[in-house]
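You will see chain A twice below: alongside chain B first, and alongside chain C after that.
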Partner chain A sequence: MQQAELMANPAEQRTTLMRRIAKATEKHGLIVAFFIVVAFFSIASENFLSPKNVMLVLRQVSILGTIAIGMTIVITVGHFDLSVGSLTSLTAVVVISMHDIVGPVPAMLIAILVGLISGAFIGYLVGYLRLNSLIITLGMLVGLQAIVLIYTGGKYTRIVAPDETWFGFIGRGFLFGVPLPVIILGVLLLIFSVILLKTVFGRQVFSVGGNPTASKFSGISDRKIIFTAFVISGFLTAIAGIIMGSRLMAAQNYLGQGYEFEVIAGVILGGVSLSGGEGNIFKAFIGILIIGILKNGFLLLGFPYYFQWVAQWVIVVGVVWLDVATKRGKVLG
Partner chain B sequence: MEETAATTARVLEASGISKTFPGVKALENVSLTLNKGEVLSLVGENGAGKSTLTKVLSGLYRTDHGVGSIKLNGELVHFQNAKEAKDHGLITIFQELSLVKGLTVAENVFLGNLPRTKFNLIDWHTLREQTRNILAEMGLDISPDELAGDLSISKQQMVEIARAFTLGAKVLIFDEPTSSLTETEKEILFKIIHTLREKGVGIIYITHKMDEVFEISDRITVLRDGKNSGDLNTSTAKLDDIISLMIGRVIDDYFHKNEAEKGKEILRVEQLSSAGLFKDINFSVRQGEVVGLYGLVGAGRTELAETIFGARPVTSGKVLIEGQDVRIKDTGDAVRLGLGFVPEDRKEKGVVLKMSCIENTSIAKLPWMSNYGFLREKEEKEIFKEYKDKLSISTPSPQQQVVKLSGGNQQKIVIAKWLCLNPRLLILDEPTRGIDVGSKAEIHKLIAKLAESGIAVIVISSEMPEIMGVSDRIMTMREGKISGEFTGDDITEQNLITAIAHVN
Partner chain C sequence: MIQKLVISLKKQPIWLILLGMIVLSSVFIPGFLSFGNFSNVLVQSAVDGMLALGMTFLMINGYFDLSVGTVMGFTAALAIGLQPYGLFVAVVVALLAGAVIGAINGFFVAKAKINAFIVTLGSFIGVRGLIYIYTGEQALVGDIMEFGMFGASSFLGLPTLFVIMFVLMLIAEFVLRKTPHGRYTYSIGGNIEASENAGIPVDRTIWLNFIICGLTAAAGGVLLASRLNAATPTLGWPDKNLMTIAVVVLGGTSLAGGYGNITRTLGGLFTFGVLYNILNLLGVQSYYNTLITGIVLILVVYIDAHIRKNKVSIG
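Let's turn to the complex of A and B:
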């Protein structure tokens, strides 16, 4: 280390140029990327900017966006939550199956409770027992999936009389011409942005993510902050599961499959630092939006559905590479 | 200069070595000689330049503008890195051992040099045989097949010496090798050193422990403030001579004597113990008093401080704050009780590098700076401004990330973090480590001012002038115990060195 510092860097000039580009990209790159993607698809497909399609994209990203808020907080505090996809399936199945037994409101409360319990469980293992979040939530991904299968027996669950309940309004309804899930997402984005930027808890999320030891040595209970972050993630994922269930008025075990990847892809595209301590909920949402637009755009252009995975793959690998490379000061080699 | 047997037997000759770090002259025109089959003790206070010299010799640092020369067996060498030094037979055993814990003893001994079969696979049979021979030659009872990570620290050290041996070491440098060894393990190490000496290896032995100096070495080189201070033959040297060569310095006048009135007792520690770290510690600190905690690295000072601050569990004993028996379970409790802690490792424990100056200053105060959980941002800004002026923190902007500040300014922010909470007790662990001379003086002044404002202060330091300059009372620690307590005229360098250095 010391040696590397001592050897004067011959590529220093190049490095500062790279840094400058990296800095500019960091500042405005996301917005630029967003407009490039929008411009590209609106030229390539005349349907892309039609109000109907715009609403469709927004509705689609509202579920991922809701989960992404929790993911942003978890990654900012220095961890990962890979369980969100399975938890979406579980909470959707729970709310649908409970609906006909206990009615819509209690069913939703039960689903939220399931999300909170799952989050608290992960939060306890990661925050208090100091287990690796990547592995723990990877385990939860499989474990929750198994619970869904045991619970449903792999069967399709649906609300028997969808026309006799207002429950579908949450996922399908409109308010002032805007889909309700989009409004819910907007409100949640606002609330959690305020929490992250204006409250003691929010500030402590950044400090624990930035340096857990220094936070501890400043009197902050890092374990409590980590625990709370996972509980929030569980809560928001449950909300996403409810919206999902309400939109379909039915649920099945694989509903949320792969969501963890899409959400993480969007969030890191939105500039949330993988090493913790840096993140912005609105930017993360724009990252999710870009992922959603790519998905929608490729379908409009007639690409097969699996093409979206190619795009996500390129995004994830590319963004992480750029992130690390700019920190190391060189993009190649 | 006579070209006699003495010169031919000279294995290492370094002269005119200088090394400057930003703001500090670590070595100035230092020279050192070592003969074949000789054990040379390199002694000096913390910061005298022993480690820097070692790192220069072993190729980790390069001298200023390549000034000075290092001759190995009469041949001029310019090591570019540690590997080159190793290849030339100059090997250093650092305090932090470098074995690969997941490999066996034999693999470690021959790492990078493993015997091969004709199919270019590892020749396990030869590997084991040769390792067994070397270990036997050194008189060590270690199996070649054991995993290095399963060995005790002392045995790991032995394996590292065995590796140096296979590399054909001509010069071996030991950097405080006994700091983590028991008495019996030390005896084994000394036996090995004797064996090596008989085989003609030149040995540089760095230590703080004077009894070891007398026991093991033939000659002693003393460094002080990065300069040569004297060379002695061990057989004729006296302890007092060595110590006066180590010290021989006037206390710098930038220290302010603390004139504060000593008030009521703030902290009292009774029989405090933590398994394996320290035992039965008793002391108290009063309002306006600066208590120094002096000792060698590893004596348990930091651990004691961190335990009082709630960052480590207490095994037994009590901590009383203003006479109240408080059970501090975590750092949050400590902060609520009015304790503050400026840690030694600033980047690891002191600041969140990614966060701004403002955010780092208010980090501990957040719960007292909010309404229903919402931050009072205006107050936060004002607090930073207040302490920026009070401590003359220099930063281009309050929003500047702390990572971009100098060590001195980072340290001032850590101190500001506690001052804005109006603490009753502030513990400063090596408060001037890695800080330039100017900021150092400012921090010393600040410590005196804190005491005058009625705070009880504990300062931990390995630097003798610093601890003597700032403290009203000094407690010395050795091997996890309080080994002495000094006030007034009893605070002398002689007394302190004797109390920490384990002189028999």
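Let's turn to the complex of A and C:
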């Protein structure tokens, strides 16, 4: 009886199908966008899906991906961290210049300490003094870049004898055929997803970002959560700076310039809500991956590198528009 | 009259800070108190002022535009690169390009209702791509000498570029204070839902303010091009957009919207201009200049929050 009814009404069947597709795109729109981009480039260029190129893309996105984990947490608690680009430059310069003085391990620890201090400073100003994170981290963007230049005197920093140290292994080495930075990123993604999804701290991050007032009334110290989020961001950016330094075995003063925007663009693409309370580290990584694929794909097709920027514009706004439109069921608000 | 002045100074403490800086530097820094030096400061603030003008409209409206830096770079390149078609064409196309990018931003924010940060971050990066595509990574040099001479000329003893910016600021202040568009802008920035209920054309006002912001960024690009009579692809990259927001915030226009005016922005603009000038005259290495900018930004937000808190506790 029921079947007969359904068969009698194919129009209704079609609408449910449409609704299902709409629902699926709403849930997995990012994945769909990812596969479209991948399909496009693999048809357009035969080298795109070669194992060598895939590894190249992964290695390239591993640095932005590492920073993006921290950025996702900061944006999820409802703030921004614009300082990550300059902090990448600073920690890379610190680890490279310290390497020849104190050896690789202490140099890395010092770089991490620099990242933690910077994160704690921002976290204090934004979390405890309740200052606007956009302007504060803008101040840090400018200030840290200045510290880099004052520290190096504007000179290029490099490791004098790159062949006599194992430090380069972090950025250049392979483990089971996979570049080490990619493995580091994978481990960090796992650790921080567990922290976000399975710990009290993680739940508090979503709570503070999603509804600050309610979290306050339920006794969550949003100051501490915001502070910790910025410290994590500083820590992960320092890791990214170390990987960067190790890959190049040298550091240029403006190494990380503009990273903040690339990372934020990728994270937004990954569906992390700028109003806070909503973010998924793996999705953010896929967003970063799409940005990395655009960069790689356009170069493979023989376009100048700057075409990727226009493509980023179209894709970021397009994907977010698609997301917003499916959520409200209307193209325009 | 004096009482009125005192009240407005109290409302806009940036002018007191500026006055203090000028008095102290006049006494202690040789070469500061001279006509040549002041006109130097004015020329340098003309371009930044144009960008800050449009940004003030948007920020009162409750939004901001991250694309102004690269829009400035793009339009500067157009104003130089299109000179073979005549100066008029070059300038008009440059201004139009700015307005179109502003309109695109405005469409996505006002009509498609996408977060302004995302929309303008996208165009910030995308327009950078347009600059590189248009210039082919080359620096462009203008071949119309009059254009460069215009950028270096004076009007009534003041730098022409500054006079242009100042006149536009006067018009902008009038628009904000006396026209419906200005009142709508404040109203929407203060409370968008109430404005909607009151029948204010919310979408149109927001859209228009994005176009204004794109247009003034383009005007800034044209002024910059005439000052340099050249354009490089890196003009405005990477943090011109954020520094423009900083000028407006330093002046005392709230990031939250609904509050502020052009006079404040002018105060913020001069304060940054004088600060850079002082550091220059003192022979401070440019790296330290940048560091001090960073510290000033953090201090400004700190002081701003402090003042607001005290106001609340007084009632």
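One rule holds in what follows: the second predicted complex is superposed on the first by the 289 of 333 C-alpha atoms of A that agree within 3 Å, B and C clash if a C-alpha of one lies under 4 Å from a C-alpha of the other, contacts with A are read in each partner's own complex, and residues count from 1 in each chain.
Note that in this section contacts are C-beta pairs under 8 Å (C-beta built on N, C-alpha and C of every residue); 3 or more make two chains touch, one makes a residue touch a chain.
The structure displayed is predicted, hence computed values, not measured ones.
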Based on the shared chain A superposition, would you classify chain B and chain C as clashing or fitting together?
fit
Which partner chains sit in contact with A:111 here, chain B, chain C, both or neither? Use first/second/both/neither.
neither
By the touch definition at the top of the document, which applies to A:277: first (chain B), second (chain C), both, or neither?
first
Should A:263 be classified as contacting the first partner (chain B), the second (chain C), both, or neither?
neither
So, A:255: does it touch chain B (first), chain C (second), both, or neither?
neither
Could you look at A:199 and tell me whether it touches chain B, chain C, both or neither (first, second, both, neither)?
first
If we overlay the two complexes on their shared chain A, which of chain B and chain C does A:220 touch? Say first, second, both or neither.
first
Which one hits more chain A residues, chain B or chain C?
C
Chain B versus chain C as contact partner of A:211, first or second or both or neither
first
Please give the nearest C-alpha separation between chain B and chain C in the three-chain superposition, to the whole Å.
6
Touching chain B in the complex: which residues of chain A?
2-3, 6, 198-201, 203-204, 206-207, 210-211, 213-221, 277-278
Write out the stretch or stretches of chain B touching chain A in their complex.
60-62, 81, 309, 311, 330-332, 334-336, 341, 343, 348-355, 359, 363-364, 366-367, 369-370, 373-375, 377, 417
So, in the complex, the side of chain C touching chain A is made of residues 108, 111-115, 117-119, 121-130, 132-133, 137, 237-239, 242, 245-246, 249, 255, 285, 287-291, 293-298, 300-302, 305
Chain C contact footprint on chain A (complex, rising order):
82, 85, 125, 129-132, 134-136, 138-147, 149-150, 154, 257-258, 261-262, 264-265, 268, 274-275, 304, 306-314, 316-317, 320-321, 324-325, 331-333
